[in-house]
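Below, each structure is written out as structure tokens.
Heads up, the next two complexes both have chain A, just with different partners, chain B and then chain C.
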Partner chain A sequence: MPKIESSFLDISRLDALASQRTLIHGLDPRAKIVTTLIFIFIVVSFPKHEVTALVPFTLYPVVLIALANLPPGYLFQKVLLAAPFAFFVGIFNPLLDSEVLIHLGPVGISGGWVSFASIMLRFGLTVGAALVLVATTGMNGIGAGLEKLGAPNSFAVQLTFLYRYLFVLTDEAARMVRARSLRSFGIKGTEVKVFGYMIGHLLLRTMDRAQRIHQAMLCRGFTGELRLPVPLKFSWRDMGFLAGWSSLFILMRLVNIPQWMGLLVTEVLG
Partner chain B sequence: MSHHIVEVKDLHYTYPDGTAALGGVGFRITHGESVALIGANGAGKSTLLLHLNGCLIPEAGTVRMGDFPLTKKTLPHVRQTVGMVFQDPDDQLFMPTVYDDVAFGPLNLGLPPDEIEDRVMEALATVGAAHLRNRPPYRLSGGEKRAVAIASVLSMGPSILIMDEPSSNLDPKARRQLIHLLKSFEHTMIIATHDLDMVLDVCGRTMILKGGHIAADGPTEEILQNEPLLHACSLEKPLRLQGCPVCNPVRA
Partner chain C sequence: MPIKQLQYIVYASLLAALTAVGAFIPIPIGPVPIILQNLFVLLAGLLLGSRWGFTSMAVYLLVGAVGMPVFTGGKGGIAHFMGPTGGYLIGFAVCAFVTGWIAERSSGRTGWDIAAVIAGSLLVYACGVPWLKAVTAMTWTKAVMVGMLPFLMGDAIKAVMAVMLARAVRPMLQRQLQTVSA
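And now, the complex of A and B:
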């Protein structure tokens, strides 16, 4: 199953990106998590026909991508991967809402198309911001940050372990799939029955492994709380990052900057 | 130096499904001894090892590790005394980076941050893996994983090391490095393995387990030369002690 394997190799690329050392990577995970949450919350809070006021929000991912030395093409590709979901959420809007909202010369654009564009834009912004968060912080940083922010310890531990063993589990699954295909002589697809056995087997193996891991943890003094080697420090830089971006987001929420600039230009010309 | 002693008396264990794994095992290992635990598959090696650090509680008999008899109450002390290296490093390296993993034990001991840093770097340097500190464990090679797994127990400063098949799945060079590493340790060591050539290099004393009993216990050189005994326990002489296959072909 080369497809599964290669898509997981891709995750490790995200990991490699997260282990860089830049100004943004050095920020406290909590600052980045909260900023991203505020960003997503504000982007989602706009009324459904809003498009222009959303445009300035692209500033946040773009600035972070530039400062954190991330490959924009790669991230864009990842956003596209999730795009079909948003596409199908929004694609019926033009059919349901056909009242013309904007006139561009002879062409009238219906409210449905405007809200569709708005949905796609919001989708791009929020998913992009989340990806930037992962690529600058790493899943483990996010887990640690969430815990310090007050998320239950077990939740953070789950997230960290899920990420760590994703690779082991896919390896195991890939080996099973390969072993099956080597003995099924070109029969395409997997019969439901065999598939059931394989899933069941994988579950049993996973439970065995979980038990061994737990033993290994107990052997090294695990008491139920995952401790971090370096206590996170929330410095004035993190505070600045959080406060600066948040106030900018709020400003962009309250003032439609493109419209305002447009008015300014027409006034000056007039 | 009583805290390096391992003493097991009349240990019995039956798995919940009714499989009798250990039927009266007893031995005493003293300070600084390096002991090989060998035997066929299913002879009870792994079960015995799981008793030595309290992953399993004896059904009958006693286990004494260092200064403490092994009971539920002494478990934290015992686990600090005993460093257990599991067979599959993927089970042991569960933290996001090598550094975090090696720091896991010391953090649970509640040590101050400076001390943790020192211990982690010292343990990594001992196994020659200091350059791997920021790597995620799942992207290491088999030999590197094994080295880090050993570092992750060394960082707790154990006086007794227990290893389950440490040389399995290693290429010859990585295996040789592991042997050098093990020989450099001054800990009391118990190594369960099928790699009898490694036993010749590392362990002065050998115990053979057979069907949940100790079938033999003595100096490695004597035991590994005793062909009838080895044969009876589903074992073979180490390759190095067998004749040259070219000049002296042995019938299969």
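And now, the complex of A and C:
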């Protein structure tokens, strides 16, 4: 069971990162959400054999990590955690597509390997961008931003609630599992019946907690409106961030910058 | 926001959180350990109905998609939707909706609750197995052998537990909802 606690402690690290005060953290969540969505949409829209044109897109997460004072090693580690899934998706490509597509000197690289590299790069970029969004905005900010962007209020409220309850129920479940472990001297095998009781207890405690939380909300006059310490205000700075990055993404989608630079260098040298 | 709607949001969020916690509690029986996620997905449908059961799972999936460690084994990230298990994740939302839809029409009858959990459980596989086959380029037989058969016994246990727990908890839930309405 320690895994459950350590996983959720990990969430609180993202929370701590989101509470920093930097230029990027100060931007309106809507600007960051929409920019991230455009980034993901454009990255995913590339053809399956494209690799070089994707490389300049690393600029977005790298610049944000630097400006938002985020630990690159920690985020890279989180991206690596998702990598086995991307690996599994793409690893069959070299077997299915063995036609040589590129020649690197005497070595021929098949289309399957190129598409595999493209999948890995796209996964890294999209997962990285989503993590940067959470680490610079926080779940409360994302919930409030989504609501202002037109997502149903109940959906946005539920998103922020879920985020809080994850910690509460993790504690509850961890306590129960620890108690069972201590009373049974850490025995591994457990009867289904015992687990049935445990889950029943967890469910009843959850229902009881739900009732208490709801009553507390009513007592405090909560009406379902998400409130942040600083009300959301979409300024020219946010507009600049959104428009600037979006234009750059579109440019990078239309022009293969590494190829263009390569041609330029070849011409100058030639 | 109406008071009752707020209460449903609290319940839906808590069940979504339970689904996340369920990913960490394996029941060590049989060759494949049983993960409790599906149990809470079924319970979301049985207790909250189609609309709130679906919303609960949609929010759970969104939180997982942005990288929170709520999927099996404490994983998270949008990559999981593109991977071999992506279909099962989408199946959770479909399962909660259909289970809830049938349960809403059951008027608390056990037979209908059983039908609801069977339909819900099968729909998870209906979404998961074709996805697994497409992503891994397996044959249909192999996809069923790997992605469905080893889990059937566990799912049967979870379905029975879901019906029993729902029938035990439902009166309490209805009492709480009626208290608010009054």
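Assume the second predicted complex is superposed on the first by the 253 of 270 C-alpha atoms of A that agree within 3 Å, B and C clash if a C-alpha of one lies under 4 Å from a C-alpha of the other, contacts with A are read in each partner's own complex, and residues count from 1 in each chain.
By definition in this document, contacts are C-beta pairs under 8 Å (C-beta built on N, C-alpha and C of every residue); 3 or more make two chains touch, one makes a residue touch a chain.
Model, not experiment: these values are computed from the prediction.
S.K.: State whether A:227 touches chain B only (first), chain C only (second), both chains, or neither.
M.R.: After superposing on A, A:227 lies in contact with chain B but is clear of chain C.
S.K.: Identify which of chain B and chain C touches the larger number of residues of chain A.
M.R.: C
S.K.: May I ask you to decide whether A:269 touches chain B, chain C, both, or neither, giving the answer as first, second, both or neither?
M.R.: In the superposition, A:269 contacts neither chain B nor chain C.
S.K.: If you stack the two complexes on chain A, which partner ends up touching A:218: first (chain B), second (chain C), both, or neither?
M.R.: both
S.K.: Figure out whether A:107 sits in contact with chain B (first) or chain C (second), or with both, or with neither.
M.R.: A:107: touches no partner chain.
S.K.: Which holds for A:140: it touches chain B only (first), chain C only (second), both, or neither?
M.R.: A:140 contacts chain B only, not chain C.
S.K.: Counting only touches as set out at the top, which of chain B and chain C does A:209 meet: first, second, both, neither?
M.R.: A:209 sits against chain B and chain C alike.
S.K.: Can A:182 be said to touch chain B (first), chain C (second), both, or neither?
M.R.: neither
S.K.: So, A:161: does it touch chain B (first), chain C (second), both, or neither?
M.R.: Both: A:161 reaches chain B and chain C.
S.K.: Tell me the contact category for A:81 with respect to chain B and chain C: first, second, both or neither.
M.R.: Touch status of A:81: second partner only.
S.K.: What is the shared patch of chain A, the residues that chain B and chain C both contact?
M.R.: Comparing the two interfaces on chain A, one with chain B and one with chain C, the shared residues are 139, 161, 163, 165, 168, 209, 213, 217-218, 222-223.
S.K.: Provide the residue numbers of chain A that touch chain B in the complex, in ascending order.
M.R.: Against chain B, the touching part of chain A is residues 12, 15, 19, 138-140, 160-161, 163-165, 167-168, 209, 212-213, 215-223, 227-231.
S.K.: Which of the residues in chain A end up touching chain C in this complex?
M.R.: The contact residues of chain A facing chain C are 1, 3-4, 6-8, 10-11, 14, 40, 78, 81-83, 85-86, 88-89, 92, 96, 123, 126-127, 130-131, 133-134, 139, 142, 153-155, 157-159, 161-163, 165-166, 168-170, 172-173, 177, 188-190, 192, 195-196, 199-200, 202-204, 206-207, 209-211, 213-214, 217-218, 222-225.
S.K.: Going by the contact rule set out above, which residues of chain C touch chain A in the complex?
M.R.: Contact set of chain C toward chain A: 1, 3, 5-7, 9-18, 20-21, 24-25, 27-29, 36, 39, 43, 55-56, 58-60, 62-63, 65-70, 73-80, 82-85, 135-137, 157, 161, 164-165, 168-169, 172-173, 176, 180.
S.K.: Name, in rising order, each residue of chain B that touches chain A in their complex.
M.R.: Residues 50, 53-55, 76, 79-80, 82, 84, 86, 88, 90-92, 94-97, 99-100, 103-105, 107-109, 113, 116, 120, 134, 136-139, 152-153, 156.
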